[in-house]
Every structure is written in structure tokens, then in C-alpha cells.
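Got a structure here, written out as C-alpha cells. Questions coming.
Letters A, B, C, D and E name the chains as they come in the text, with residue numbers starting at 1 for each one.
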């Protein structure tokens, strides 16, 4: 990766081989700046970059790109998300141009949750393109400097080509079915041109290790940076909810049993997270950790600190 | 509708409060309706002869009598005398339907008029038809190559019926072999142990001796179709052959025990037949993998007794319940105890630890109340559930037979005779009964009897132009009596198979199917006439 | 075939205007096969309407061969003339052709038309085709991802597929791509799933505007 | 022998099944039955279905009686017994039948119901699916004689003796329910709250479900005691009667449905497996009944004259006492009281428990049904169909031989 | 006989239960008439709806116990069909109580009698 793709701080850290830490910031369901400000303060200097979710679980929130711009001004590096549920290929390309115009450099390409999960189940879905086609489209816009229809990205025949440049990320779920196909799907994303991967939150460590072995054996970890996703558990009820009604999350009984015996679930959740991070650091091919502390942003600093990942390296 | 109107005949039921009914008023009401042509009152029909009806030859007769007339055969005498075909005569039980059900003070005249009009309407719409009997095709297909199948084939072949045996080729040993092996009352000494396999081979040779018996390889069967007088089987060789009757003697298989290193009864039997020494401690763990049936319990006792005597090994049998309801099982159970076989009756708290073949069984014994611990027995036998073998299961599914808990290819209803399935013409050998083959042969012979199979009175009639060929009736019929007629692209009924229940007529979305002499229209009119 | 289901009778009754004469018209093809609008359902509907305390004068029931062929309307022209409103128990196509043919008459739909599907068994129908005008069943071994996957994805099972079932309804809805994966494994054509399928051409579907099919070779 | 004729002893479910099947095959049948009605012992048993049928088989008996009534060419002799049996010079069997006709002659009775009203002792009973008969309660008062329009009733009827000739004989004389009063331990008869399984069956038939003395509202605890008279040499048969676990569990399930607030305890030695789908049936029943795996030692009656069961509880290693509102002794099957006489007459042998033992078809004598071993209704039907098959092949051989 | 109540029973279990009921001395109320069918599976919804429409106050269907039907699933089919019609009636604003089906064993005369009386009371026939 000689020439820089987008020149973002995250890209530089990943190139230098640093153990990167990213977190998640869910924009509010209303135009309420304080919510974003408090989350930014909680995450400042604790993480290298922050995912800005796009209508997570199909529930209407402030759009990912505008929150990204706002967070960037506040000094945090955003990774804005693009889901294929709400916009067709025209709207997505227009958004990408807008995001680049406003200085956002990291994008995460997702398929997006089905609208029946959210608060507008009657809405018409789009899914004009899916996550892998989206990755290829963003890569073509950056490298081949062409739109999805093949035209060059220039205002007129004579005008300069000004293409949007992004560090391309995607999600991966090592636990969904069919298990043996999961690594092939990752390979498809790599062939499509993804630069970094954030996995689904991990509880089944053995399965994740098998998955990583397979990824390393195919040499994919050189072509793409893999960040292991974790979600600190706040209560036993939340753990059971994740197991029963969140799709694609596999929680082995040993973990459930551990939280049943723990007297303070929150503390146990943080220790469990720190253990995981320590194990990730020793695993080959894991380039960082992605902490998805849903509505518990102020726990992130504690986790990063006790995993002795502070202070964060500067991005120069 | 034909012009023949109805002559209603009513017994005055002197034996009941019939005499209080004002019959002339009844006669005038009935005559008003256009269904009833004439009304006739008979004094004590059970004693009077049948000549009084001669004047009404050629009319349809509706007779209001009681079950006594049926018992004394008076109705059949009337039908013969007036030469009435089915559909021209209908009787109903005035005593059971009216006098028994209603108190005396209710005005019976009105009820009687409604009843007669209602029955008269049904008779009015009925078309007379000739009683039809169809003989099923000649050949019989016997599925399965166990002892039961071969003995059935031999018994049929002796009556020079052409039999084809579809061998499943599953040479594995199925449960219930111990009793065939050891259970003979005249069981010879230990030395000359005739294995069930040898007995099966000798039986097969005797059956092969008959010229009217043919053996078909197991995978010959490709597809299957029901026709009027039997079943047409297509075989892989492309050959199509018709059989009047199918007899299934399903191979049973014992589920493999989930504990690695433990045997199930079939493995144990295999070891005994090839003479392996079964020394040391032999433990039978029953009611663990599955609730043991009496037949399997008897097999375990026979095996235990044999091992105890032959190898003087230490035999322990752990069970929740001793299943002794099969004849001879209780004596065997007492015999085993006398011979020193130790029985434990365990509670729910039994635990089985299995570290790669070395077992540890711990539990409380109900007899004595104290705990027992068995460490590393040389042989652990856990009898598994006996289920239909995969091949038999596929064959039963191909024939769309309703099965009870994947073990008996029969519907879960008492109303089918012991060997009948939900498809008329397909019989099942019932392994547990002592003379199951005799009752199976009776059923087969009854089907092949010279009189042939009577076509049910309420057989459905498909209206060609209304039928939209939606196959709902084919899917709904529990006896698989409805098939499709590909030329006229219309549903077609198989006259020998249909039992006349009417589910097809009720479910048909286009109301294209009407039962003979019980059409929807006549039923509706009959109910309307009730008031 | 087209699979449809009867609207709940309460809903239909709310829609029915108080008229002197109402005609309930059935159709003898697809909606009879899926037990929604055949001759029997017409009779049941008529009795139900007569018994409901709606102020409707006379209710007559009729069923013709198909409501999507103009020629079959000739039989019922007389009846329609007298009746003030028609409750049509045909699929969407039938209801619309009926209201085109009898211009001034109010036509009320009695069914909800669901999908193009297959009869899986007595009382069980499954959606099989969207009618997207650009069939790709050869690539996926005969299982349509646009119809059988709730997001209509072109590239492989999404992160939510769990033991063969789709995330939106893990009890009843199979994951389309899981079925495709099993089917392609049997046909050992798994490489089809490896290639990154390009986005589909939706212009041939309804997105390209309401469609007509004209065959000059057959036109009069 | 123009047409083959078969004589059947006993018109229970087995006898009726053989009779109905043989008649369909065109064989002439003579049916000899001890009671004045067909249907045998189980005719007065009740349906035990809870939410769906539990396959007890009682409805099949009623169906068999109705089919029997519709067929004309069965010569039946009710309230009569076989008294003589001899071989007539190798050509078949000569049988002596002795009849003590019931007060009501079933051939003439038209079920008009007048005698029922007239009888002060209400000794006139209705056999389900059949006609009227007079049971032992009659004190010959004669009020019914002149009431009957058909003249079917005569107080004094002298017994007749008749000898018939048949090609072969089928014995289906059935069983006798074990009478627990034989052994003091069960103290049957001491309290109206201790009844046997057969009594409960009749209570199910009359849909009372509980004996009169037990009020439906305050019936809190019921106990079922298994293996009464079976599997125990001292008290009764040494064999397992096979039917008592079946009917006890089925009735316990139905009682729990009828009286949901009652606790039902089930004392058993070994629950026997029955029917084709035992697991699912047992799964439902075990939710309604609590099982106690021990045989009670003694009985006593507490002050509210409720039976108290004293039993040795294995789990707590000591004797316990429980008081119950109702105790049901599930009495098993004992060999029919006529088995001795029949065996002597026909040259058959008895096995050690007293059941008839026959190599079927030897000398034209067949045995079927509960007289040869304890059987459920379903098994009786299967066995009877089998024996019919054997009778037909036996008759065919004799015809070809001549 | 407009104000009448119709009992449809099958000629197997239903008929035996009715015979048992009458032999025990129970009598039907006057406004009730009976109709016999080979199996309750034969009733289809057109027949029921048109009968209800002509003013019959109520229809009570007595079938055999589940798993005890001579035609294997006739009674199950009838139970489901009548459940559908009850729902159809209650949706259409007519309470679904005008039609009901229960299953009876061969000797449940008393239960059949009380079921018919409860139904008659509910539907308002004397």
C-alpha cells in the first residue's frame, strides 16, 4: 500500500502496524447536539477512530455523514457507514462525493438490517446493490476514477477528474451460517477491494480462532486489516437478549454461566472485554479491536486503559 | 330428477306410543308436498308380511321402521320382492330417531312430517345404481425379506397365487431376533445354536422352490401408481407390473447407541452368532436410550440367560420397569433371577460417565434403596429404539402411508383392522402378535375373495366441466382414493379404494365433486325440509 | 400460479356501500385452486353478507371461468347491469379488468393478491417469483435469491443467517442463500457464489415502468 | 356336509369377530353365549378418552354387536352353555347345547319399553346395541308378563337341550376378572370407598366416574393399586395380566380431566408397555398422575371411614401412611371359570395358570381370545382375525380331502 | 319450525352417543331436530352457511373423538372447518355462537345431553 488511499489517520496507524482501537457512536434520534458532544468527550483520545452508525437496526437517527462531519470538527476521526437498505446506487454515489467534499476519509460498507427490525416496518426497502457490490463501487470510484455506470468522475469532458478517495471498510460475521462459507465470503470482499474489516461482536473465542486460522492460512490478513469486534456486557438480561433476538451472535453457554455466577455483571463485562483484547493482541492477523459499547460509551476509556492501550499514538 | 315420486310407508309402532299419532292429518300434510306421492300405514311391520307393497311396484319406497326390521331381514325381503335397486329404497329408524329422543308431550306429528320429508328428499334426489363389485388384480407384492415376509410369501404361494418378493437386501440383524433364535419352546441344547440368519436362508430356499414366486432385487422399485384394481409398480428396468395387493413386512432396525463403546442388542446378537466369548461383567442398561418394549425386554432376558449359562459371566440388568406383559415373560424373569442375574431398578438420578469406552454407572436401586456403582463393565449393552429401517421408511413414504411415531406404518386409529393401513389393498405384517401371519393371510384372502370388492354407496362423482384440476381432493383423501386422469385433465376416483367419507366433496373449492345419493344439493334440501 | 387470500370479512363489510343489488363474482382458475375465490367461497360470502346486518338488498353469487378475459364477461352482462356494485373475488388482474369493462360500476376487491407461487401441499403455498423480467435461476441452481432472500441480495448469505433460517423470522422463513449454498454444493457449482455478481438490471422489472408484452406475430 | 358350519362358544369381542368374519366368508355360524346378550364382559366398560382417543377399544365392541345384529344367517343361542362334546365318526363334531332361557325371549322382544316401567325391582336392563334382558334382581313378581304386547315374557321357562353338528368348534369363552375378596389383605368389600378396576369401568360406562359414596366436590385423593391378583403366586395368577396397567393409566388420565383438583397416586411394581405409541401416551399421563413405586402392605380405615394405605416408601426408607377418598384395586385377568369344564370336555389341556392351551386346528378345535392368555381388546381382535384365517384354511382342507 | 336447532351427528360415534343418551332416559328439547351424515367430515361450509342463513337458530355438530374416526381424519377436518366458520361469523358481526362442534365417545350420553342443553340455552331455543 505504497501510495496512501485516503490519507486518514486510521490508514497511517494501520500501515504502521499499530494495534488500532475503534469504537462506535450512535447518533441521536433527534437533533440533540449534547448527546453527540457527551459521547465525543467520552471517546476523545481513547480511540483512534469512531464508527458513525447509519440508521442502526433500521431505526431513524441523524444521518451518518452529517454526524461524521460534526464529530470531525470536534477532533475525532469518524468512519461513516453506508447501508444499502435506504439508498439506491445514485444516492450512495452522491453521498460519497459529498462526504469526500467535507473531508471524511473512512467508509464502512454494510448491507444493513432489514426494515422489519426497526420502527418503520411498512417502509419499502431498496437493496439496489449489496455490500460487496458497494465495496467494488467505492474502490472503482477511487482507483479507476469511474462511476458505477462506467463514466469518468469529471464535471465535463474537459474538466479535471476529481475522484473521492476513501479507506474502505466492511463488516464480517465469523459465526453466521453456513460456517464453512464465512471465510470465502471474506475473500470475496477482499477481491472486491476492501481495506479493513470489523467483525461481529465475539463471544465464542474458539470459533473466532478457527476463523482467524483459516483467514491467515489463505494469506488474507496481509491484504486486509482485521479488527476484532467486542461488546462489553452490562447485565445478564442484555446477554440473553443478544443471544435470543440479535441475529448472527453466537454465545456459548460457558459465557452465560460465567455471567450467571458473577455478582456484579457490569464489572464482569469489562474484565471479560479486557481479557478478550489481551488475547487478540497475541493472535496473528488481528490488527486492532473495535469496541461496540452500545449506549455505554464512557466504559470505553476504562477498557482501553486496563488493556494498557493508552495513550493512543498520534496520527502524524 | 326422475319422475318417480316416493311412497312413504310407516309402521304404526303399536309397541310404542305410535297409536297416539293422528295419522290421517299426517297423510294430508305429506300429500301436499311434491316429494311424497302416497302414504301407507302398516300395523306392526315386524310381524306383517311384505305383500302389501305389491301395488307400489316401480315406485321408490321410504320405510319408517326400527332396527328390529333390519334384524329380521324384512327390508331385504321388500327389496327382493319389488326388485328395488340401491337408491330406490331407504329406511330410517323412527323409534331411535324420534320416539326415543322426544318426550311424549311433544307433538310428534310435526316432527314425523319433517323427518319423512327430509328422508324423502334425500331419496328423491338419489339415482338408482347397480351394485358393483370389482375384483382386484391377481399378483401380490411382498415387501421385505425377513422371516415374516418369507412365511407370508410361502403361505400365499401354497394357494398358487403369484407372489413377487421385493427383497430389501438389508442383511443386518434386526431386534426381536433373540426370541426367534432362542425363544423356541423346543429350544435345543446350547451347542446347536441355529442362528436366525440360517433359519431365514432355509426359509428363503423353500419359498424359492415355488414356481409362482419371484424375487426382485431391492433397488428395483422406482415409482408407484394406484389404479382401479390394484397398484402399478414401475421398476428401474423400466418394466411396469400390476399387483392387486401389497403386503409390507417392514424391516426393523435398532437405533445405534449414542454412547461410543456401548453395544445395542443387534451388535450383541452379532457377537453371539459368531461365537465371541462374552466373559467378565456384562451390563444391560434398559429404559435409558428408549423405553423398552416387552419384546425387547424378553430378548434381553434370553440374551442374559444365554451369556450367564454359556460363559458364566457376571450379568447385571438395570431397568426402570420390568416389562413382563408378553406371554412367557414373567416365567423367564423369575428364571433369570434364580440363575443369579442381578436386577437393579433405578430412579431418575442414574448417571452414566463414559470416558472413551470405560463406563461408570451410578444410581439408587429401588429394591434395596441403597446406591450402586458399576465401574468399567467389560460389555455394556444399551438397547436402542426399534424403528423402521431407512429403506422401509422410504417405501412407506413412497406409498404415502400414515405411520405412528415412525415405527408402525399404520394410522393411529382403532378403526383399521389389525393388518390394514390407511390404503385399502396395502397390508402390514404385525411382528409382535403370535399368529400375525394368520390374520394377515385372512385379510389378504378376504380381499382376493371371489365376490370382489364392493364399491361404496356414497362414491364421489366428479363433474368434468366444473373440475379445475386443483388436486385439493387428491391431497385431502386419507385413503388416497383420488387420482388424476391426465387425458381429460380431471380428478378421478378409484372405485375400489374409496370408503365414502366425503372429505373430497366437502373440501372441493369448485364444488365439482358430489357423493352418489348424498349430493350437496340433496343434503341441503334434506336439512331445509327439517324446518 | 397466482396465490391470493380472502380479506377478513369484517374489512369487506366496511367497504361495501349500502346498495340495492350486490353481485359477488368468483373466478374459477387460480383463486379457486388456492381456495380463496372459487364457486364455494362465493356462496359462503353471499350467505355471510346476507346474514350480516348490512343494509344491502339482494345479494347474488356468480362465478365465471376467468376474470382476466374480456370474452367471459358477456355471460354476466345482464346481471351486472341490474346490480349496483360488484364484489369481485378474483386476483388483482381480474378486479381491474372487470372495472375497465363495466365502466360506471363500483368494483370492490374481496381478496388480497399475494404472489406468484407454488402449491406445496394441502393449504400451503410458497412465493417463488417476483416477475423481475431478468431471470438468473441458472446461476443459483434453481432458487431465486430476489424472492427467497428477504433482502434480495446477489452475493451470498448476509451476517444474519442462523442455522439455515433468515434473521427476520428464524422460525418460518428459510434463508434463501443457505438453500442456494446447499443446492450449489450438491451440483458442485460453488464457484458461482464466489464471483461477485454485478448489480441487476432493474429496468426490465416494474422499476422500468408498467410493462406490456406485445407479440406482433400473433396480433390481428 | 352341504355347507360348512362352525360353532362358536362365547359372544365376547373375540367370538363376535370370528362370527362376523366367518359369515362374510359365507360360512354357517352357530353362536353359543352364556349371558342373555352378546358383547361379553367388556360391553359395559366405558370410554376412557381424555381430549383424544386412548385406544382402549370399547367402541369396537359396540360396533361388533351392531354388525352382529345386522347379519341374518347367524343362529345364536343366548343364556346357553356347551354341555356335551363328541366326535361323530370322524365327520365333524357333535355338540350338546343346554339353554336356560332368560325371562325375556330375545327373538320376540321389540324393545317397546313397557316392561321396564312395569318392573318394580327395575331388573329389566338394556344391553347397549342389543335388546332387553332380565338380570338376577328379578323376584318373579310377574308384573311384566301381561304388560308385554309381544308375549315375549314368561316367568317359568324350562331349560332345553339341543344337539347340533358342526365341522369345527371355536372356543372364545373369555376371562373372569380377579376377585380381590379372596385375600384379606385387600380388604375389598369392607368399605364402599375400595373398588376394583372392573367396578370403575362400569362407573365410567354410566358416566358417574365415582361411586355414590364419594361426593364429586370433596374427592381430593384417589389411589390406584396395580398388580392386584397378578404377578403374585400367593394371591392370584403368577402371570402379568397385561390389561390392568393399560386401563388404570387411561382411567386415571380421564379422572384427572374430570376432576382436575384431585390428586391421583399410582402404586405400581412395573408399568407395562402397551399400544403402538406408548411413549406419547405415557408422557401425557405422567403429567397428571404421581407414581409411587412400591406395593402397599396393609389397609386400614380412619375415623372418617376413608381407606388408609400403608406402604414402604423406598426413597425415604420408612413406612408411610396415606389416606384416600377412593382406592381402586386394578384387578387383573383370571382364567374363565368354565375353562376347567371346557378343557375336560374337548380334550384340551390347561397351562399352569389355568388358561386353555391348544395347538390350534388339532381335531377342529380352536381357541381364541382372553381364555387362552390375558389380552387387551385390540389384541383379541387381532387374535380372532388370525383364528378366523386358520378356521377357513382348516375348512378348505377338509373340503378338498373329501 | 323456524325457531329450530339442528343437530348434525355422524353415523359412527355420534349415533352411538345419541342412542346411549336416549337409552338413559334423556330427552331432547322440543325445538331440536337431528340429521345424520356418514361422517362429520362431509359437512362443508356452504351447507352450514346456507342453513344458518335460512333462520336455523343454531347448528350443533356431534362427531367422534379425535383419533377415533372411522374415516381417519373426518372429525379433525370438521373441527377446523367449523372453527373457521365461527371466526368468519364473528368477523361479520354475527356472534359465532350459532354453530359449535364437540367430539363424543360412544357412551358419553350424559355429556352429549348437557352439551346440547348448554348450546340450546346459549342460542336461545327453549
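Assume contacts are C-beta pairs under 8 Å (C-beta built on N, C-alpha and C of every residue); 3 or more make two chains touch, one makes a residue touch a chain.
Everything numeric in this text was worked out from a predicted model, so none of it was measured.
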{"item": "For subunit D and subunit E, chains touching each", "value": "B"}
{"item": "Centroid-based (C-alpha) most distant chain relative to subunit B", "value": "A"}
{"item": "Between B-C and B-D, the pair joined by more C-beta contacts", "value": "B-D"}
{"item": "Subunit C and subunit D: spacing of chain centres that average the CA atoms, whole Å", "value": "60"}
{"item": "Distance between the centres, which are taken as Cα means, of subunit E and subunit A, whole angstrom", "value": "64"}
{"item": "Separation of mean Cα positions, subunit E and subunit C [Å, integer]", "value": "36"}
{"item": "Chain centre separation in whole Å, for subunit E relative to subunit B (CA means)", "value": "28"}
{"item": "Interface hub residues of subunit E, defined as touching at least two other chains", "value": "19, 23, 44, 46, 50, 67-68"}
{"item": "Contacts with 2+ other chains: residues of subunit C", "value": "40, 43"}
{"item": "In subunit D, residues with contacts to at least two other chains", "value": "53, 55, 59"}
{"item": "Touching chain combinations (by label order)", "value": "A-C, B-C, B-D, B-E, C-E, D-E"}
{"item": "In the complex with subunit C, residue positions of subunit E that touch it", "value": "44-46, 49-50, 52-53, 88-89, 91-94"}
{"item": "Complex contact set, residues of subunit C against subunit E", "value": "8-10, 13, 40, 43-44, 47-53"}
{"item": "Residues of subunit E touching subunit D in the complex", "value": "12-13, 16, 19-20, 23, 65-68, 105-111"}
{"item": "Subunit B-touching residues of subunit C, taken from the complex the two chains share", "value": "28-29, 32-33, 35, 38-41, 43, 119, 121-122"}
{"item": "Of all residues in subunit A, those that touch subunit C in their complex", "value": "85, 89, 111, 113-114, 116-117, 125, 127-133, 136, 148, 171-173, 176-178, 181, 184-185, 187-188, 191-192, 200, 247-248"}
